[in-house]
Every structure is written in structure tokens, then in C-alpha cells.
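In order of appearance the chains are A, B, C, D and E, and numbering begins at 1 in each one.
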Amino acid sequence: ADLPTLRVGWTVPAEEAKWLLMKRPELFQGINKTYRVEWFQFQGTPPIAQALVANAIDCGTQSPISFAQAVGEGDFKGYILGSLAQEKAGYFSVYWGTLDGSPIRSAQDLKGKTVASTVFNGGIYFYLLEWLKKGGVDPAKDLKLVEIPFPQVEDQLRAGRIAAGPFAQPFASRAEARGGIRKIFEMSELLSPLTDTFESCRKDIADGKPDLIRAYMADFKAATKHAIAHPEDAKKVTSEVTKIDYATLDKYLMSERDFYRDPVGRPDFQSIQQTWDLFTRTGYIKQKMNAADYQKPELTPAND
Amino acid sequence: MILRALRSCYSVLLLLAAWELFARSGMVPRTLLPPVSLVLQRTAIALATDTFVADLATTLFRLLAGLALAVGLGIALGVISAQTRAGRAIFEPLVRVLGPLPKIALFPVLLLTLGFDNTPRIVLVLIDAIFPVMLAAHYAARAVDEKLIWSARAAGTSPTGCVLRVILPAAMPQILTGIRVAAVIACVVVFLSEMVQPGDGLGDQMIRAARAFRSVDMFVPIVVISGLGFILDTLLALVRRRALGWAG
Amino acid sequence: MIRLDRVSKTYTRAGGGEPVRALSEISADIADGAFVTIVGPSGCGKSTLLYIVGGFVPASGGAVLVEGKPIAGPGPDRGPVFQEFALFPWKTVRQNIRFGLAEQNVPRAEADRRVDELLDLVHLRQYAALYPKELSGGMKQRVAIARTLAYRPRTLLMDEPFGALDAHTRAKLQDELLQIWERERKTVLFITHGVDEAVYLSDRILVMSAAPGAIKADIAVDLPRPRRREELLRHPRYQELVIEIGRMMDTTA
Amino acid sequence: MIRLDRVSKTYTRAGGGEPVRALSEISADIADGAFVTIVGPSGCGKSTLLYIVGGFVPASGGAVLVEGKPIAGPGPDRGPVFQEFALFPWKTVRQNIRFGLAEQNVPRAEADRRVDELLDLVHLRQYAALYPKELSGGMKQRVAIARTLAYRPRTLLMDEPFGALDAHTRAKLQDELLQIWERERKTVLFITHGVDEAVYLSDRILVMSAAPGAIKADIAVDLPRPRRREELLRHPRYQELVIEIGRMMDTTA
Amino acid sequence: MIRFGPLIVLAALLALWQAAGMAMRVETLPTPLAVLPELWALFASGEIWGDLRASLYRLAAGFVLALATGVPLGILCGRSAAVRGFVSPLLALFYPVPKAALIPILMLWLGAGDLSKITIIYLSVTLPIVYHGQQGAAAVEEKLVWSARAMGTGRAGVLLRIILPASLPELLLGVRVAIVIGLIVMISSEMIVRQNGLGYDIFNAMDMAQYRLTYAVIVVVAVLGFVLDATFERLRRRLTFWAPERQDQLPTGA
């Protein structure tokens, strides 16, 4: 009864490793046997970063941007221990779409228009800003940005209230199936390979209770491998958590139309470093970040 | 004069002092609770910034527009529905079904049907703030001393005249209480709408600050919206004292 | 003429308790220009009867006819003065008295003149700017009387209008009321607990018996008009009537 | 003994209007066991004086001493009956009367007995379960009287307690009050508009003049006790006093 | 006709919703007929009960605390100038603070679990109770207080036995407002820090574009609100039937 408890934050999408732990604990060695997990869902990675800084949770999903801001502004001390979603050639990449009939093809064409992003100050948002700036558009003055969650982008686009908006799975598949949507640019054009999300834990927990984190990360690795080996299990558990029906998920999940996933859930420090360098250069991150500072090899999943 | 004003809200000063001391004591990290002096200083700076003032104006517009509609419609519907049996029979179940429904849950529908700008937020404020006004107006109108109404009717006042010249003034104390509650709800809701769907306004400022870990800046919009609410509340209290000197 | 045709009233109770029978089958004709007083023990239904004639409360049975037509709610032809005063608390003394005049669209100058007249009549001119909560009990009652007199209803329905007044003021207002009545020949339905007051003022006195209220006696006051207080007090018939009705009341409760 | 020592009262007005002077320098000694009545024109400050003696309203100047000590607020030694009744609307007639007994920790059985006694005294036994809003004006007044009598305060402060009652009930309650007073030798400070009532009941009558109220005459009522109504009415001194005081009142307003 | 008023109103609302859904033809506004199967599934699978229990627990805990502290505070405020002088500026200052905005901050202090949610619900519902309690207590007719004081009732007794019942009608109006605010805050706190509960269900389904499910849960919340409010209304009637309310006999003529 008094197993040590780990408080873990999660968000959507691409969390099937954690969802398997959540919903199918019997498949794994440690969970509910040597430790327990209390799960908290958040809307995006910035609130998870806040929760980590506030010691409200122990581990959680992070994006390179949120992590760097937590370090810079919140004095966060933590490790990057596992990988969740990445983008690279041949796999899905988050893209901005517009209606087929519209004349919009470049950043310049968006001047004076209303453009959507998800969570302001989140990872995706800064890629949009970067792309606009490269195209010679000032995001603060030349156009109007609105925050819209992924599920509503398609409807708002078709209703004509926005000129362009971001698409992620499963909404991208759904919109493509209906047709009439055209890509303007995708994030991997800016950087590839690119890390979307990774698993991060607080330093004090990882250093203070290494056995607990080791057990958790071992299960994390096993779950990642299980999801890749048994995509139908991954789809089922995703359907349970997100309430999206299986048939929809079956069209893309765990295929090349989905994000790339590392086979053992190992973080790609090189791509993380690249992201940080890019955003330090553009000023979105104030300080210099060094990926080596956040590694803890003995707790990180190793290649088999 | 200033001294009297200060003495009249000494509890607030005490609380602020406690906050300041606690924040500076080192018992809590700065990121969780910045000292109030810092927050106020940053607020003063923000209030001198054009972009912040623009956001403030946006929020204020939405707040006042929604509140004005809620007050006008709420009084009219509440009082009129109290006048007839059928009105009461409809009013009761309607407010019982719709009143307790957290309207914020309908916000996404409003966004999809009315766009992102002011309209859905004003409508949200309206449908949330109208209930306290309507409830107060309705029940106060029903509780007006019947002999007052009889006196007016006997003097030849028409039923409509009765509503305007007897029921409305007699119910005014409770209606004003309802409006004060509505003003509070309006502040809460307009801010919430800007947090749930950021874009502009004070709620958006706060969300951006929160996501970027600018913890002092996170408190600034909260201080400002609370200040707005406070001013609104004080004005309403003033109106009450002015207009309702007759009430015990 | 006002005709009460077997009027009865039963109050149902909010809490769900037993209904209260307040009036049982009251019938009476009140001639135009008559001064009719109702006396009876406390709780016998006098106020209730007045509410029904005023059209404020529906009768449970029977009907009230004015000029042969059943009444449809209150109207400016029947002006009430309530036992509880019922002043508008958000209006000053002056505004309270002026209320009915504004409702009747009496021209401003004329209205002001009448209000001043009435303020003098009830000795409240110097209190014209006070609000009801700042008045003594008797002052409130005088405002209520003035408010109703101001718009000159054809029929006055007065529920113990002089109850809270001192003897002097009461006597003066009684005389004023009689003068107004003699001048304008109003119909007055008057409730009082003072038998002497009833005899002094009325043409006719209806004595009611205790709950459920019914009319127990209908007494014509055969005293000369116009009445002068000192003369009347010495009139043997006056004393007789006061004693007779007083005795009747004693056996009622 | 209750001593009024140059008591004065000025009401300040909430709206910021001119203050109202209600009482100016009232001095009087009220002996233990005395029945003292105050009469005076409407609005002269009678109720205000009673509030001050009750300790409900602070005097603007002067002091009220009970047994030589300045009063510190209200107390169960001085029981008021207000002109406005002030019944607790959430309590039935019985519960209203019982309230003071519960506050004084009177044992349950004894309290029940007393309440029943008082319900009979004021003829409200069958209405014991009704709520104030269901009562007529006179019934409310009787409940208010019973509620105060129930806990037997040493001094009674009564503000027109019989104002809303019919002559019969009023006479009966006057007699009951006199009996209680004679039996228990309470001090009574009584306000009324009925000069005859004042003379019938009191040892002493204070006549007040109009605003700002002052004591204009202090009249000892030298009539024999115990008093019997019929005897008294025929007593020449009774008639004299009524006329004398009546005349005084006439020149007051 | 009047007895069936609630049913008629309910039917009319549903018809309106159905019509709007059919007219607008957007996925985000499914018709009630389309939502019905989802609702059925929620209960058939028993999934909803855990969330319902979690939400209700937080609401109840916040409310009980609020009543226990808000009622005495409000009444004291209405009767004592000293207490009012202390509390009322604080009240005026904190009442308009958007409590939902504090959730992220509160989460940082108290963690992401029940404690922060209960605290925020408590803070939100206490204020209307204090506010209306104060209004009610201040408006009690002074002669009622005088009567009791003259009967030997002490200061505490007056508060408990006179002021409390006399201000009950107004106080209960505050509780009614508090129920509404409590539901708003319950939903939004569960939306902002998601663990379980009805707010979690609504916004989770919405983020996944599961609009029918969203509406099914909204219906559950609406029913919950209705049941709470109706229960409360029954209680209110029982507690305040003595209050003089205008009878249903308005002059209808002319």
C-alpha cells in the first residue's frame, strides 16, 4: 500500500507510452509493483513546466522551448530522460494549411490576415514566428495571431475566420480525407530532425530517489517498445484516453503519417541542442543552453 | 482626507504588508510569490505602456458592454416575468435549468459561431452576469409590499406604470445588490474567456506571462482586473448610497 | 352605488395549514354620497372587506358591484387609506402626496397647489422634505390620508385612518373630512374602533361580528347635519347611539 | 426609580439634510411602581423618549438613570411594546410570546403555562399557530403586548399599545393591565392618544408640547384606586381631568 | 398548465437546441438526438460515476467550509462596524478577483491535486455568502433587535436567534449565487488542472474534437446543477415560508 508514488504530467498527442503505463500497468515490471504513479493532464507543455518548477509534479512531458524557459525564468533544475515525439524526413511534421482556393503561398501573402497558432509561447508558436520572420513578416505588426486549439483549426479555416492554421494528427488526417486543404509550410522545413516532446524529471527527485526514476524509465522504455511492436495496442489505448474512435486512429497512428518515435524512447540531444541554438539566436530563449547539462545517462533508456 | 481614506481600508494595507514581508522572508521562492511592491511597481510601468493599455481597454470594453446588456435585459426580464402567473411559471424552471449551467462550457460554441473577437466574449459575459440581476429583480419584484402596489393602482396607475414607478424603485435595493454580484461575475468571466482563448486583453497578458515564467508579470493583469472590479464595485456602492438614502 | 352581494373570503395558508375563514356572505348596499362606517372586534375581517371593495383582493364568493357592474380590480374612483400607511419609502412626504396627481396627469401648477393645500391640512408643511422612515407614526398616517385625498377619488375607503393620531389632530382631521365630504359629496367607507368617532361621522354604521365576519347590525345614524361637535356631544340621541353600539360590541367578541 | 436628567435628542439625517430636533431637555423622576402616561401631539417625540429610556437609542444630551445608575443599553428590566409591533416574522404567535421566556431560561413547563395564560388574556389561543403575516392589525398588537408581559419586566414601556384595538378589547386589556400592575406593582411608562385612557390608567400624566418636544405639564391623577370603570366614569374629578388635559392638548399643536 | 411549466420549458429548450443544431449544421453543435447515444454510453459504461464523485467531493468540501466560515463572517460584518471596517475593504478588493486566474498560481503553491481545487472553490463561494449575509444582516429591522435585547438576549444570542433568521432570505439568495459560482469554478479548475472530474471530461473531449461527448457531459453538468438548485430551492422554501411574499393575487383586471 505504501509504495513510493511518482507524480507525472502528460499532454496530448503522442503519449502512448505513458498511456500504456496508465491503462495497462499489468504489462510492465515496475508500475504498481515497486512504485505507483499519480497522473495529471495539462494543456500543453508550458503548464507542465510551471508544475515542475512548483514541485507540483515530479516528471512530465516537455518541449525544448518550455524546458529552456523553465530553466531561464524559473530556475528549473531537471533532466531530459526520454523521448516522445520527433519529426524527420519521411514522417509527419506539423504544418500550416490554408484553403485550396486561397492565393496564399508564402509568409508575405499572410500580411493583414488572421493566422492561428496553438498555445501561444509553446513550441509550435515559435516555429511559426520564426518562419514568418524569415519571410520578412513582423508577427507583431503585419498580421493578427489568434490562439486556437488543434481540433478547431479545420472548422475555423473552412468558416473563413482564419487564413491559415496549424494541423497535427489526428486532425490533419481528418481534414485531408475531406479535402480542400493545402499545406503552406511544415515545421521540419526549419529544422530536421526536430524534437517535439520529451520526458523530463526534476533533478532533486532523480538524484534523491534514483531507484524510483530508474524503475519508471525502465517501464517507459518497455512501453515505447511495446507501442512500436504492437501498434494496435497503442491505438486502442489512445482511443481510450482521447475518446477518438479506433478507425480514425488506424488511418495514421504509429505509421509514417505519424510523428517519428525513437525505438527505445531515447532523447535526441543533438536535435534538442539545435532547437535551443536556433531560438537563442532569435532571442526567444534568453540564455545559452547546453544539452550536456541535462543528461543523466544511467537513468536514460539505452539502445538494446 | 487621505488619512481617512487610508484608515478606512487599513485591513487592505495590513494584508499587503503581510504579503510583502512573507514574500521577502525567503520562505517562498520569488517565482511563486513576488513581493507586492515589485508587482505594484511593474503594474505602474505596464499602465504607462501603450500595448498594455490597449489590452486593458479591450477587456474593459468587453466587460462593460456585456455588463450593460446583462443589467438592462436582466432587470427587464426579471421584473416583467414577476408580473404574471405565466411569467413566473416560465421564469422559475428557466432559471433553474439555465442558471446553474456553467456558461463557460458553452464558450467554444460561441467562438465557433461568433468569431474570436469581442462578440463571443461579450455574449459570454452577458449570459453569465444576467442571472444574478434577473434573479434579484424577479424576487424583489415579487416581494414588494402589496399595499404599495394597491395604493398606486388605486391612484389610477396602469399596470405598466406600476412596474415602472412602484415595483422598480421598491425593488431597487436588491437589484443593486444583484448588479454588484453581476459586476463581479463579469470581471471573472471576461478574464476567463481571455485565458481560455487568448488573443488580446488582460487574460491574454496573464497567460503569456505564465507560460514564459514571468511571474511578476503574471500578477500584474490580475491586479489590474481586480482594480477594475474594485472601482466598479465602489461606483455601484456610491450609486446605492446616493439613490437609496431612503432605505433603512 | 356600491353593492356587496354575498361576499365571502377564505384565506389559504402558504405553509399548507388550515385555511382561515375571514368573511361569510356579506351583503349590503352603499348609496352614493353615503358615509358608512364599519365597526367590529379585532380580526373580524374589516380590513379584508375593504380590500375586496377596493379590488385588491378577490372575493372567494359573491361579488362587488359599482354602478351595477362587477369591479375589475382597483381604480382611481375608489381611494384607499391603509391601516399600515403603505407610503412609498423612496419618496419624500411631498412626493408621496403628489404621486396620484402625476398619475392622473394633473397639470404641474395645479398639482403643486393641491399638494401645498393638503400639506397644510395635515400640518406637515415643514416636514415636506422628509422620508417616511424619518416620520413618527402619526405623521405617516397623515401623509397616507393626504396622498389619497389629493387625487379626489369619488369613494374613500379608510381603514382606521385616525388610529395613530392624538385627540386634537384627530378631531381636526375628522372635521376636515366631514367638510370635504359635505362639499364634494363623496361616498365614504370608514373603519374605526372608536364608537364615538363612528357616530359623529356616519350616516350609517355596520356592526360586524367576530370571525368569520358577518354583519350583525345595520344602524342608521339619525343625527342632524351639518354636525357641530359641541352641539352633538350634548345631543341625547348621540349619547344613546354611542351606548347602544358600545353594548352591541361588548356582546360580539 | 427612573430619572430623566435633561434628556435631549437631535436626529441627524442620512441624506445629509438638516438635523431634526426631536426632544429638548426633558427632566422627570418616575417613582418605582408608578403608572406614568405621556400624551402629546403627533410627532412631538414621545416614541423617541421611550426609545431612550429603553436604552435603544442614545440621547444626544443628558442622561437616563435607573436606581441612580446611568443605563447601559436595553435590559430585561425594561420591557417595550412598540407602536409598530415588531413581531418576529419567522415565529408563530406562540413562539413569539415564548421567546423572552426562553431567553430568561424559564423552565419549559412553567413557560408553557405562562404562554397559555397570556394567549387567553389576549384572546388569541385559537390563533397560536399562525405567523405574523397572517394576523390582522389588532391581533399583531395583542401578540406584541403578550410577548412583553410574558417575561415580566419590572418596568413596562408601552407605545400606544392599544391603538389598533376595538373599544371592547381595549377596555378589557386596560383592565387586565391595571390588575397586573396592581398585583405586581410594576413601573409603567405609557404613551397614548386617548386622554380618557390616560386618566383612567395613570397616577400621573406628562403632557408634551410639539417639536422639539418638552414637558409642558405634569399632572397628578388624584383618583381613587383600585379603579372601576363605571364608578370612575361618573366621578366628577375624572370628567374634570379629561376636559382639562384635553384643553391643554388643544393649545399645544 | 402551470404545474407542467418546468416540463414545457425543458421541452422548449430542447426543441430550440435541436432546431439550432439542425440549422447551423456544424460539428461543434450536435443536436440533442445525436448526443443522446453518447449520454447513454457514458452511463452504460459506468465511466461517468468516478468523475461525478470527484467533482461533487470538491464542490461539497469547498461549500461546507464556505458555509461554516462565510455565514458567521457575513453576519458579523452586517452588525459590527469594527468587523465591517476590517472585512469590507478586503471583500470589495477580492470579490472581483477572477478566481480562475488564480488556479495556475494556486496550483504552484498547493500542488495539482484536490487541495488547490477545493481551496479555489472555497474562496469563490465564500465571498457571495459573506456579501449577501452582510446585506441581509444590515437590513434587519432594528425594532426586532431592540425587542430581543429588551428580553435579555445577549449580543451572541441576538446574532444567532434574531439576525440569522431575519437575514435568512437574503443569505439564501447568496447561497444560490454561490452554487452557480461554485459550479463555474469547479468546471474551470478541472479544466485548467486536469486530473478527473466533469470539467476534465468536458474539455478533454473538446480538445479531442469529440463534440457529442462534450455535450453529453455538459448535459450531465446541467442536470447536476438543476438537481442541486432544486434541492436548495426546496430547502429555501421550508426555511423562509414565513417571509411575507406577495400572494399570487395580483390585480389582473383593467
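The rule we apply is simple: contacts are C-beta pairs under 8 Å (C-beta built on N, C-alpha and C of every residue); 3 or more make two chains touch, one makes a residue touch a chain.
This structure is a prediction, so every number in the text was calculated from the model and none was measured.
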{"item": "Intersection of contact partners for chain C and chain E", "value": "B, D"}
{"item": "Chain pair that, of all pairs, has the most C-beta pairs in contact", "value": "B-E"}
{"item": "Distance from chain D to chain B - Cα centre to Cα centre, in angstrom", "value": "49"}
{"item": "Euclidean distance of C-alpha centroids - chain A vs chain C, Å", "value": "83"}
{"item": "Geometric centre distance via CA averages, chain D-chain C, whole Å", "value": "27"}
{"item": "Interface hub residues of chain C, defined as touching at least two other chains", "value": "15, 55-56, 73-75, 84, 131"}
{"item": "Interface hub residues of chain A, defined as touching at least two other chains", "value": "47, 50, 53-54, 152, 155"}
{"item": "Per-residue multi-chain contacts in chain B, two or more chains", "value": "32, 108, 112, 145-146, 150, 153, 210, 245, 247-248"}
{"item": "In the complex, chain C residues that touch chain D", "value": "11, 13, 15, 17, 20, 39-43, 47, 83-84, 123, 127, 129-131, 134-139, 141-142, 160, 163-170, 193-195, 246, 249-250, 252-253"}
{"item": "For the chain E and chain D complex, residues of the former touching the latter", "value": "141-144, 146-153, 157, 162, 165-166, 168, 240, 242-244"}
{"item": "Chain D residues touching chain E - in the complex, by the definition given at the top", "value": "51, 54-56, 73-76, 78-80, 82, 84, 86, 88-91, 99-100, 103-104, 131-133, 147-148, 151, 153"}
{"item": "Touching residues (chain side chain B, partner chain A) in the complex", "value": "29, 31-32, 108, 111-112, 115-116, 197-199, 204, 207-208, 210-215"}
{"item": "Complex interface listing, chain E residues touching chain B", "value": "1-2, 5-6, 8-10, 13, 24, 26, 28-29, 85-87, 89-90, 92-102, 104-105, 108-109, 127-128, 131-132, 135, 139, 141-142, 173, 176-177, 179-181, 183-184, 186-188, 191, 202, 206, 214, 218, 221-222, 224-226, 228-230, 233, 243-248, 250-251, 254"}
